[in-house]
Structures are given as C-alpha cells and as structure tokens.
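Next up, some structures in structure tokens.
Presented sequentially are two complexes of chain A, the first with chain B as partner and the second with chain C.
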Partner chain A sequence: MATHKAFTQEWLDAWKQKIAGSQEYKEIAKEWEGSVGLICNADPSKNIPNPVYLFTDYWHGDVRDFLVCDETKVQTAKFIMTGDYARWKQVAKKELDATKALMQGKLKLKGDLTYVVRNVKTINKVIDLLTEVQTVWPDDV
Partner chain B sequence: MAYDDSLSFVYFGPTKIIFGSGSSTGELESEMSALGCSRAVVVTDQGIIKAGLSEKIIKTLGEKCVGVFSDVPQDTGIDVVNRGAAFAREKGADIIISIGGGSVIDTAKCICILLTEGGSLANYEGIQLLTRPQTPHIVIPTTAGTGSEVTWIAVVYDKDKGQKILIVESYNAPRAAILDPQLTLGLPPLLTASTGMDAMTHAIEAMTSMQREPIADAMALHAIRLLSDYLPVCIKDGGNIRARGQVQMAATMAGWAFGNAMVGLVHAMAHSIGAVARVPHGVSCGIMLPYCMDYNIGDGEPETIAIYAAIAQALGVSKRDDEPGSAAMAAVQEIFDLLRKIGHPLKLSELGVTEEDIIKAADLSIADGAIVNNIRYVTGKDEVLEIYRRAL
Partner chain C sequence: MQNGYAGKFLQVDLTGGACSSFTIQEERLKKFIGGSSLAASLYLERFNLDADPLSAENPLMLMNGPLVGSGFPGSSRFAMAAKSPQTGIWGEAACGGNFGPELKRTGYDGIVITGKSPHPVILSITNNSAEISSAAHCWGKDIYETTDILKAPDKNIKVLAIGPAGENLVIFSAIANDKAHFIGRTGLGAVMGSKNLKAITARGNQTRGKANEEKYKEIFKAAIAEIKNSAFAESLHLMGSDAAMDLGMMTGDVPIKNWTVGEDFELSTKLSGPTLTETYLTKAHACSNCPVACKRVVAVKDGPFRTEEGPGPEYETCCTFGTMIMNSDLAAVIKANELCNRYGMDTISAGATIAVAMELYEKGIISLEAADHLDLAWGNMEAVMALLGKIARREGFGDILARGSVSAATHFGPGALDSVAHVKGLDLPMHDPRGFHGMGLAYMMSNRGACHLQHAAMGMEQGMVSWPQLFEMKEDYDGKTSQGKAQLVFDSENYGILGNSLSLCHYLLYCLKPETVRDAFNAITGFNFSFKDLLACGARDWTLKRGINNLLGITVKDDVLPKKILTVLTEGAAEGSVPDMQLLRDEYYAIRGLTTEGIVSKEKLLELGLAELKEKLYP
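Entry: the complex of A and B
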C-alpha cells in the first residue's frame, strides 16, 4: 500500500478517496453539510516550519474539495479546528478522541459546537478512515 | 467504580469560591479590590431588582458601582449582550458583577468577552478561541442549581440564526463566585425543588458520562449527599439558612462536576421537551432523571451498575458491601422518593405534555449533543420515545 506524507495534497487525496469509497460513511454523514478547515500550528521542532492549512468539504455523504490551502481559504470554512501538531497526530492515530480533545481545549473549534457534537459519528468515521491511510509523519522522517 | 488504564482527563475549576451568610455584601468589595478593579457594572434582571436582592449589594459598592444593567430576559440573546456591553463600555467598567440566575450569568460572561475583545459575539461561537484572560467577572448567584457560577460555557440566542449558540472559553470562567445563602431564602418551593433537581441531575449525569473522571466524581458524590439531605429541608423550611447553604454549595460542586465531565441523556431529553412543550429545564430534568437512570442500568454493564451503586451510597440508601445491582435500583427508587418528598412533579403530563409532544421531542433528543456523552449508547429515537412514554 502506498504511503503518503502527512499534510500533503497526495495525503489529502488518499483520505478523500477512502471517505468517498465508504458506504458506511455515506449513511452516517447524510445529514452533514459544510466545510471544515483544519489548522496545524507551526512546530519547527517537529519539522512543521509554518502553519499548515487544510480545507475539507463534506455534503450529505459526499466529499467535495480536499485542499492544502492558505490562511484566507481556510477562514472561509463553516467550521475551523486548530491545534498543535502533536494533538493532530494523536487524533489522526486515534490516540485522542476528537470530541474529548475539543472539550478539554486540546483543539480549538470555531463554529457551531452543538452541530459538531451531534454529528460526532460523522467526525469519528472520517477519522477512522484517515487511520486507513498509510501516513508518514513529519517528525518520523 | 475504578477507572481504566486509558483514563486521560483535564480538570479545570479556576473560580474562587467565597461562601457565607452575608458574604454578598461583606466580601464583595475586597474581592473586587483583590482583582485590582474599582469600576463595576452590575448585570441583573428586573425580577431580582423587584425582589430586592440586588439593592443592598449595589449600596455596598457605593461609587464603585458605575452602572446597573438590568435588561436581561429569561433566555438571553446576542442583542441583550450587545446592549449590555455598550452600556458597560460607556460607563468605563473594569469588572462585571452578575447577580441572578443562569441567563444573567451567561449575559455577563459574554459582556466580558466583548469588553476585552470587541467585535461581534458571533465571532466567538465555538471552543477556546480566546488567547488571553477576559474582563474580570464576579458572580453572585440567586438560585442554587445551574452551576453557571463555575462553568465557562455561555449559551445565548442568536436571532439571525434562529438558534442558541455556545461559547466555551476557559479564559472566561468567572474569577470569583460569592455564595450567599441569604439570597436564596426567598425562592419559592417549586423553584427550590426544580433548581435543586437540576443540580442533582448535573451531579448524577457527570458521573454517568463517557467523560467522567475522578475529581468530577468526587465533586458529584458530595453534591449528591448534600442535596439528598438538605433539599427536603429547604422545601419544608425555606428560611433555614443552613440548609440553603448546603444546597448552594452542592449546586456549585455539581457545576464543577458537569463542567468537566459533561451531561448525558437526561439533559438531551430535558432540552428537547423544553423546546417542544416549554417545560422548565429544572422540572424536566427532575422528571426524566429516574427514568433515564433506570434505562442506563438496564444495559447491565457492570461498570454502569457500579457507578449507580456508588450514587446509591451517596443517597444514603445502600452500603458499600451491598449487591451492586440492588443498590443501583435503590438509587432510582430514592430519586422517585426524593421527588415526592420535595413536591416535585413526577410525570410530564402534569405539565400538560402530550403524546404528540414526546414524539417530536424524541426526534430532537437523538440529535442533541448531550446524548453522545451518555454512558449507555442510545441506539435510536424509539428508545428515547419509550423513556418519554414511561415519564408521561
């Protein structure tokens, strides 16, 4: 199976493909509307010299744009989640539950919290599918 | 009731508590000074003013009170917050003092954000978006139930969106809460009972949340003990300041418990029936609590049963060595008995709720954020509807 460097366009494409191919996701996410911006704060000690901005867009079980982008684009997302690299890595590897990370202030969320919490199954499924992408993390290189 | 190896939690409870009869007048000035503040705007509502609860406090502040904003309705909104912030800014406030219940306290929390950050409140919808401490806020609660004096969550209605928005900011936790039981002496019996059951629900649901943790559990268990012992005394003798104080402390501890561990199915169902049939929050929590406990125990999970057995001990209806299953069921029975003892409604139909209402509410409940924290996984709306039917 191909491996992909985290936070690259290829990695996002592989993640998008996993989501798009999941019938279970389509069913779980049929109510979800809107884009999610992900911001990973810079951490030069972990080989993240600058902040990383990702734009991911979901619509009633379908997936639309998945882009490595700039700050301006990420700010257009309906929800924006921000966190340090170490937190994102923990979430992506399912070592840290995303809802718990939000509640404990380990990740920040801009947007309607209640919407996110009531669609937590969608979020968990998206993360489950990310764990299926063979990822090379910047600090593991 | 042990915790598994994967336990990982953050406990947060930065609010200083000043408790004592007469503390709302006796301690306020020194707390304000300790925070380096000298220009307070008091946020309250017309009901509090009419009841005469704020008069002495404002008088005590003298010139340190630069204004009173009393235009807070029962369910606050962004427009109210904007008006309050403009008023406080105009008066040059360097601290906000809220005197009241949940709506007043939430309004004050949001005013603090606008005073420090400016802009529109809608920009702060979400979790932990702030990066610095906000305008100091001292809370003086006049009810004993919501726990808002120690939580960092504010709920306000956004007219443009047609929904309530949540602002969760640890930088905006009140700096101090002054708990003066004298301020709760005038609460009528039904309000005492329903706010008390709101606190009891916070405590029990915090313990049966997927995010439960040991410090929140400790707070919750002691809150349950105090509420169980003293809520009936408050109903019987509303002027009993000792009992009022115990219940007030319990509500604050339950606030810390659920502020950290969250709430579950009871709140999901209470929010929903409140939205559909306008049942007051505390009352709907009280009615739904034993039915949801029974539902959770029905799962048969040993861990769940052990938690309810510990709750039974705190309620005083079980001993440490009792068989856990029987103890858990004794806890449910005791909540029913407590409701009867304090004259709390037992059925939703007493509030005029109909079958049609509960069908609508079951739909809403399943989409309520609180349900995801419930210790028993709720599989669908039919399960919720069945619980509502039992409580109807």
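Entry: the complex of A and C
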C-alpha cells in the first residue's frame, strides 16, 4: 500500500478517497454540511517549520474540496480546529480521541459546538478513515 | 474570622422548638474542610448510629464549604446528610443554586437539625438568628407552590422545601432549593418530612472577607479565563448536562431499556442536549456565581405534555424518563421532570424504579391489576405521569414503588430483584459500567451507594480531564479494561470528594486547573495546603464515611455490582464487556487500606488521624 507524507496534498487526496469510498460514512454523514479547517501549529523541533493549513469540505455524505491551503482560505471554513503537531499526530493515529482532545483543550474549536456534538459520530468516522491512510510523519523521517 | 467560614453553626431541636449555635475548632476544619465531610465527623461524634433513619433521633445536617459565598466560580454548592432511609447507611446529597451562599450571609456555616416537631413547621434563618413557625399554610402543597408562598414577602428569600413525597416519606424524596436545584439522592426529603419540617428559608446580608484579598483577585481572573477557554464549559453552557447524551451513546455510557440494550441512536438523537436546545429551551440559568450557566429553563407550549416555563431536565433525567423506559418524546421527559420537581422526588430513583416496574410488567411478574390498571408498557408516558402522582401520594401500586426499587422488587417475589440495578440500595446513575469499568468500581465503593458524584472517575476515565500535576494518569483510558482502574478510582475519589468538601461544582472542578482550585482555597482560608494535603482530606473523608458504614454493617458482601451490570450486552460500544468485579475490588482494597472483609484497617485510621473512629471500630 502506498504511503503518504502527512499534511501534503497527496495525503489529503488519499484521505478524501477513503472517505468517498466508505458506504458507512455516507450513511452516518448524511446530515453533515460544511467545511472543516485544520490548523497545525508550527513545531520546528518536529520538522514543522511553519503552521500547516488544511481545508476539508463535506456535504451530506459526499466530500468536496480537500486542500492544503493558506491561512486566508482556512479561515473561511465553517469549523476550524487548531492544535499542536503532537496532538494532531495522536488524533490521526487514534491514540487520542478527537472529542476528548477538544474537551481537554488539547485541540481548539472555532464554530458551532452544538452542531459538532450532534454529529460526533461523523467526526469519529472521518478520523477512523484517516487511520487507514499509510502515513509518514514529519518527525519520523 | 476572615477565612471563608462564617464561624458558627446553627443547632435546631425541633422536638423542643429551640435554636442555638455552636462553633468548631479550626483544627477540625483543616481536617474535614466542610460539606458532607464535616457533617460525617459530627455524626460520628454526636449521634446514635443505630437510630432509625426516619426517627427523631436521626439528625439532618446541612453544611457549606469555605468557598461558599466567596464568589468563586462554581462555589454555590452545599451538602445535606443523614442516615439514609433509602439505603440504611450514610446518606448525603449536594446541590447548587443559591441557598448555600445565602445561609453564609446569615452568619452560619451549617445547620444540624434534630428531633421531630409535633406539627408541620418552617425554619426561618436571618442574620445570626432563627425561628420556627407553623407550616400549616404550606403543608400538602407542592414544591413550586410552597416556594412561591415563602418567597412572596421578599423574592430574595432563599427556600429549601420538600413536596408531598417528602411529607409522605417516599424513600427517594428530594429537597429543592428555589424549585430548580435538588438534594436528590438517598431520600433526605423523607428525613426532613419525618421531622415535620416543610421548609427552611434563609435571608442574610453579612459579607465575609478573604484571608488574602489581593491574591484571590488574581486567582479569580485566572479561573474566569480557564472557564472561557474550556470547550467542556462551553458545551455545558450551550447544551446543559444533556450534552453527554450523543457522545455517551457512542461510547456505551447510556443505559437503555433498564440496562438491557446497548445502542439506540434514534433514541439518543431525540433526547440529546442539542435537540433540547433547539426545541424546548427558553434560556440558560446559572447557580449563584457561576459563569457556565448549565441549568436549562424549558417550556412545552402545546400537546399532551404541555409544561409552563420552568427548570428543565438534566442528562440523568433524560435517561431515566427517556432511554431507560424507551420513551423518545422529550416533551414527556420535561413533564415527568416537572412532576418529580413538584412532588419532590429524585428523578434518578423515580425513573429507575418505574423502569424496573415496566420490565417486571413485560415479564408478567406485575399484572395489569397489580399496577392499578395502568398499562406499564415500555414508553407509555401517560401511565408514567399517573404513576408519579400515585407514588408521591402513596396510593395503591404507587405505595409499593414509593418504598424504592429494591423493596418493590422484593414485594413481587424471588427473581424480581435481578431487574434492579443498585449498589447498597441506591439506584445506579445513568452511566453504564460495562463501557467504563472504573465507573463500576466507583459505584461499588461509593459511600452513599452507587454514585457518579463522589469521585471524578467519569472525567478521568472518559478523558474529559487531564490532571498530571495531581497524580499519575494516562491521557486516554480504555474504558473496557478493569486492570489498573483501582488506582484511577482511588485518585479520582480523593480529588472529587475534595471538591465536595470545598463545595465546588464538579463541572467547574473539570474546567479549572488544580492549581487554581488549590490557590483559591488557600487565598480564601489563609491555610497553606499543598496538593498532598488536599488529597489527604479527600482520603480522610472517604475513610471516615466507610468507617461509619462499617459500623452500620457494611462489609465486602456489599461491595458488589448488580446482575444487570454483570450481564453482557450484545450490541453497542460496550458489547461483550463486563467489569471484573473481583480484580477491581482486590486492587482497590489494597490501595485504600481495607481488610479482606472490607473494614478500614487500624493502620489506615491512624495514618489519616481518625483515632475516634478507630476506637469505635476496634473497641
């Protein structure tokens, strides 16, 4: 199976493909509408010299744009989640539950928390599918 | 004193109709801090533990902690305690609201009520004084009516009242503060009713200084910033405690159909915090000095369960009158909640008892005739509403349920007890230990019976908090593992109980850094406690109450989970998982210093400075 460097366009494309190919996701996410911006704070010690901005867009079980982007684009997302690299890596590897990370303040959410709580199953499924992407992490290189 | 304490306690003898006051030495306050911990120390020292819970001899105690009245966020809570009529052992409950701070403003840290009035009375507390007067105009009225009557002369009077359930000694009856905040668990409303005490009011205007005002101001600012920065606090503000429903269904936390079904997303979606917010919420409401405002105010404008604007249901109530009895109509939950509020009944035990009745009805153990011709089919909410009234009034079938789930099941014969999920006589709260084994141990070892608030196990095991500065803990626990959970429960009890002694809401305990809690306590009291000192107070509290329970007959035989929880679910996140009771208990006993019989060891009693208890346990 192909491996992808985390936070690259190829990695996002592979993740998008996993989501788009999941019938279970389509069913779970049929109510979800809106984009999610992901911000990974810079951490030069982990080979993240600058913040990383990702834009992911979901619409009633379908997936739309999945882009490595700039700060301006990410700010247009309906929800924005921000965190340190170490936290994102833990979440992506399912070592840390995303909802717990939010409650503990390890990830920050900008957006309608009520909507997120209502759709927590969708969020968990999206992350489950990310774990299926073979990932090379910047600090593993 | 400028140390957070008012400096005196009110003593009320209802038999003789006399009120007086007493003081407690600072050394004792440093050992037990406040709340139910202080109540337990007085109970052991002064009272006959063998007294029947509903007799004049059983004291009813109300205690504040030193943070109450300070203005610190989440510090409005107060505790009430007595020997419980529901369990026959140590009983306690706490609530937020505004009575605790108001009592502090009258100049009292707490109240110890003994005896029994020959006729219904009200205890009215004002600045440094108290008087007992007739309750003839309130007796028989529900809690909302009583509260309105007693606040009529001055809306700033704070009221604690019982309803018809308490008057009629329903063993899971509650005490309400200003209609919305409940001393719910362990049946203390019945203790109040047994004393013919309909209500307690407080109105004062005294203010208390803090030992270090400047330091406190800094800490207060830090606390507010931490709360503003907390997604947990935000979720509570937006959705109330019922924010837990959606996530709980995913993680196997939510009990369904009297603990027999593992997953039902359709139910949880209809009963969840977001749904409540989008449908019946009219506004959020806060306890005194709380910026979170997690309390719900709701109204159902039409339909069969029309309800005037008033206090809304918590998560627990959305389970007991929702998922537990297979009702997906949130309006019906709101109505059941209002009826329990008005009658004055614990919504957990009331709903859990009805869930047991529905299961026994389905199994044919309870017949239509035995149920007074109420069709107790799952989800029949018209029958539930009728039944709540019959319980409160102790009419017919309602009288059987008014004795509690254990007694009611026993009444219906051998085997019926398997339908009851309880520990030490107290119905389980609405968190399933099959998804979280640590919670199972916490239920087993809680001193008031199955409880989710005598510890912070839920926050720790479910990953809502991270407190590495207090003790070693993982970032993420596997809920369905028993190994190693004893240490988690031990630590979580010591810190959770400490929160109770301080009279700090657990939600705020979850939002605030432990350093902030410690520093606020020290700035207010002038004490200089370290984390170790504070956690030792938590451990002392647990051990003191366990020792009291040992004197009341509690041993290893009582530290057990019910059959319901030892039965595997066949679907959902907790599928196939049950807590390893023996492993959990063995590990816990060793850490807590209990003998194999479940008695507190002499060494542990001496280590924690509980010599008086040692003399009584080992005469």
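The rule we apply is simple: the second predicted complex is superposed on the first by the 141 of 141 C-alpha atoms of A that agree within 3 Å, B and C clash if a C-alpha of one lies under 4 Å from a C-alpha of the other, contacts with A are read in each partner's own complex, and residues count from 1 in each chain.
Methods note: contacts are C-beta pairs under 8 Å (C-beta built on N, C-alpha and C of every residue); 3 or more make two chains touch, one makes a residue touch a chain.
A quick note: this is a predicted structure, and the numbers were derived from the prediction, not measured.
After superposition onto chain A, the modelled positions of chain B and chain C overlap sterically. In the superposition on chain A, A:T99 makes contact with both chain B and chain C. In the superposed model, A:K73 lies in contact with neither chain B nor chain C. Of the two partner chains, neither chain B nor chain C is touched by A:K46. Of the two partner chains placed by superposition, chain B and chain C are both touched by A:R118.
In the superposed pair of complexes, A:K26 makes contact with neither chain B nor chain C. Of the two partner chains placed around the shared chain by superposition, chain B and chain C are both touched by A:L109. Annotation: chain B segment clashing with chain C after superposition, chosen from 63-71, 81-89, 117-125 or 369-377, is 369-377. Chain A residues 96, 99-100, 102-106, 108-109, 113-114, 117-118, 120 lie at the interface with chain B in one structure and with chain C in the other. Partner chain A is touched in their complex by these residues of chain B: 8-10, 12, 125-129, 163-166, 168, 170, 211, 262, 367-369, 371-372. Chain C contributes residues 229-232, 234-235, 238-239, 243, 246-247, 250, 265, 269, 272-275, 277, 462-466, 475-476 to its touches with chain A in the complex. By the touch criterion stated above, chain A contacts chain B in their complex at residues 96, 99-100, 102-114, 117-118, 120. By the touch rule above, chain A contacts chain C in their complex via residues 90, 95-97, 99-100, 102-106, 108-109, 113-115, 117-118, 120-121, 124.
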